[in-house]
Structure formats: C-alpha cells, structure tokens
Amino acid sequence: MPIVQVYVWRGFGEDKTKSVIENITKVFVDLGIPEHAVEVVVNEIPKSHWGVGGQPASEKFKDI
Amino acid sequence: MPIVQVYVWRGFGEDKTKSVIENITKVFVDLGIPEHAVEVVVNEIPKSHWGVGGQPASEKFKDI
Amino acid sequence: MPIVQVYVWRGFGEDKTKSVIENITKVFVDLGIPEHAVEVVVNEIPKSHWGVGGQPASEKFKDI
Amino acid sequence: MPIVQVYVWRGFGEDKTKSVIENITKVFVDLGIPEHAVEVVVNEIPKSHWGVGGQPASEKFKDI
Amino acid sequence: MPIVQVYVWRGFGEDKTKSVIENITKVFVDLGIPEHAVEVVVNEIPKSHWGVGGQPASEKFKDI
Amino acid sequence: MPIVQVYVWRGFGEDKTKSVIENITKVFVDLGIPEHAVEVVVNEIPKSHWGVGGQPASEKFKDI
C-alpha cells in the first residue's frame, strides 16, 4: 500500500504521467511509507467520455 | 461530489455517452445537488475483457 | 455480486484475460456464489502509466 | 453491463441511495439496455477523506 | 502488477476474504506472475447500497 | 479533472489524509492544473481485506 488510481483527460501524455508518478510517490514517502510500496496507475479518459455539470468536457472545455 | 464511474462495453460510443452524462447528472440535480458538482466518467471496456459467468462477453454475448 | 476489477499491464492479451475471467470466477463459485453473478473486468494499462516505487514500469521493468 | 460506481459523501443515506439506484438504472433502460443487467454500487466517503481544491470537504464545505 | 479490486456484499467476512486473496493470487501465479507482485483489495458494500435491476440488493435479495 | 482515488490501510487517519489531499493536489497545480479542479478521495481498507502475495496484510505485516 498505498494504491493510487489517477484519472486525467486523454492527451495528458507520458511526461506529465511520469512526473505525477514520481511526485505522488514522494507525498507518501514524506509520510514515512517505503517508496517501493507505492503504486500509481494513471488512466487517460477521452474528454468526450468525461462529464462535468452534465456536459462532456469535449464540449464544455473546448479550448483547454 | 458526486463522482460517477461508468463501465460499459466498447462500442458504446459518444452519443450514448453524452446521453448518460446528461441524464445521470440530472439524477443528482433532482436530489438537490448542484449540477456543476457532478462528474461522470465513462470507461469503455472491450467485450473480450469483460467476463460474465466465467466467460468473456465477446463469446457469451456474440450477437449483442 | 461480486464485481472484480483487474488492472494489468498492456500486452496481457485476450488469452490470459480469458483465463483470468474463468479462474477468478471459479474462486467465487467454490465459495458457493452462483457463476452467473460474477463479473470480472480486466483493464490493460500501458507500462508508462503504471508507477512502482516512483518510476514508470516501462523504465523500472524494461525487460519484463 | 453496465457497472456504475457512485462516490458520495457519508450521510447520503439509504433513501437517496435507493433513488439513485432506481434512476441511474432507468438512464440505461431508456437506451435499450435490459434492466437486470445494470449494477449500481454506491460508496459513501467521509467528508474528511474527500478533498476538493486541496482541502478536505469537511473543512471547505462545513455547512453543507 | 496486477492490482485486483473486489466488491462484495457486507457480511462477506474475514474468512472468505482470506480465501479470495489466496486463490485470486494463485490465478496469477499460475500465469507466471510473481506472487509478491499481486495485490488484492476486498471492498464490502452494504446490500442497501448495491443495486441490481434498479433495486437495492437488500430488497431484491432479502433472503440471501 | 483530475480525479484521484487513494487506497490505504485503515488507521491512516484524518491528519495523514489531510496531508495527502493537500500534497497530491499540489502535484497537479505544479503542472498548471487549476487547484479547484482536483478531487482526491481517500479510501481506508482494513488490513484483513488487503492482500499482498496471497496473504492478508493483517497477517503478513503484523507489526506495521
């Protein structure tokens, strides 16, 4: 433990994913948890399949 | 809140996904929850990777 | 019930997935749960998006 | 299919949960999916364990 | 890897949970995956919060 | 977005949870994501229900 499941929009990419893995792991290491015990899984979801306020993010946040 | 994670078979598509986002959001709005607070994430899973009764849906439900 | 969400590295493939569906279902049938009630969903995650010990598995486990 | 995992704050309660189960199921039935195939799981999470904008909801939304 | 998230009804208990952990792990070991790499998390959900076919399991399956 | 689901052993507690919420949120803010868009949910799981290497953590890691 811990297991961390991260959900982001598709297009997040490998560089930011690598950074998120590294830095979320540090959050737990700073609490005294051994580094090797931390697993982080990053799930990229198409904006068309992510709804906020009843609308797909692909429509609501066209320009992001 | 709330966060809603939906799992459907691959091929569900953007139109049904949009409808699901809109209508699941309404379910919570009807309970007095503010629309902007509802997040719905739709995950499409290949039928080969979805097992029911010990068999992949790609075999068990070939004709759906 | 039960619902089982399995997360594996991309490349796991349909044959191993089929085996996992069949055998995890058996685990519950052996406990007296009806076969048709067991759902198993297998999610394949790119190794670049799966972090162990602060590093993507694509770097940490290059040769697996 | 589908499987729907809902996350709400603790205190949501059985009545609203029952309503959410009934009405989310209807969303899929209206798309032509058989009623018996819809599973909805409602997870109640303590507000202290739900962070928005970097703060627990128990602090950020004290009066809700 | 792998990570396995299991959802069962509340009341499943520690003995069956232990059995599920042991036997699901074996499913992966039989595929050549190292035992120490398998993590299984069992989530017990109140029957009132688990909907099947639009009804809470606490009503639909009163006698199970 | 993003949504972050964290799974830890029961007993993690409110203080560490608060710290995790604050610091995981910072990980995304440092990548240019607006703070208010980050949701972090922390799920505490009994050690008896968390299996590593085929054994419940309550047995395998008795002294942690």
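Which chain is which? They are A, B, C, D, E and F, in the order written, and residues in each are numbered from 1.
Here, a contact is a pair of C-beta atoms (placed from the backbone, for glycine too) under 8 Å apart; a residue touches a chain by one contact, two chains touch by 3 or more.
Note that this is a predicted model, so its numbers are computed, not measured.
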item: Same-residue or different-residue interface between chain B and chain C, half as cut-off; value: different
item: Magnitude of the superposing rotation for chain E and chain F (Cα, nearest 5°); value: 120
item: Centre distance in Å when chain A and chain D are each reduced to the mean of their C-alpha atoms; value: 21
item: Centroid distance [mean C-alpha coordinates] between chain D and chain B, Å; value: 13
item: Sequence positions of chain D contacting 2 or more other chains; value: 3, 7, 20, 24, 39, 41, 43, 45, 50
item: Set of all touching chain pairs, with the criterion as stated earlier; value: A-B, A-C, A-E, A-F, B-C, B-D, B-F, C-D, C-E, D-E, D-F, E-F
item: Of chain E, residues touching chain C in the complex; value: 1-9, 16, 19-20, 23-24, 27-28, 30-31, 45, 50, 57
item: Residues of chain B defined as touching chain F within the complex; value: 3, 39, 41
item: Interfacial residue positions of chain D with respect to chain E in the complex; value: 14, 17-18, 20-22, 24-26, 29, 35-44
item: Partner chain B, residues of chain A touching it in the complex; value: 7, 43, 45, 48-56
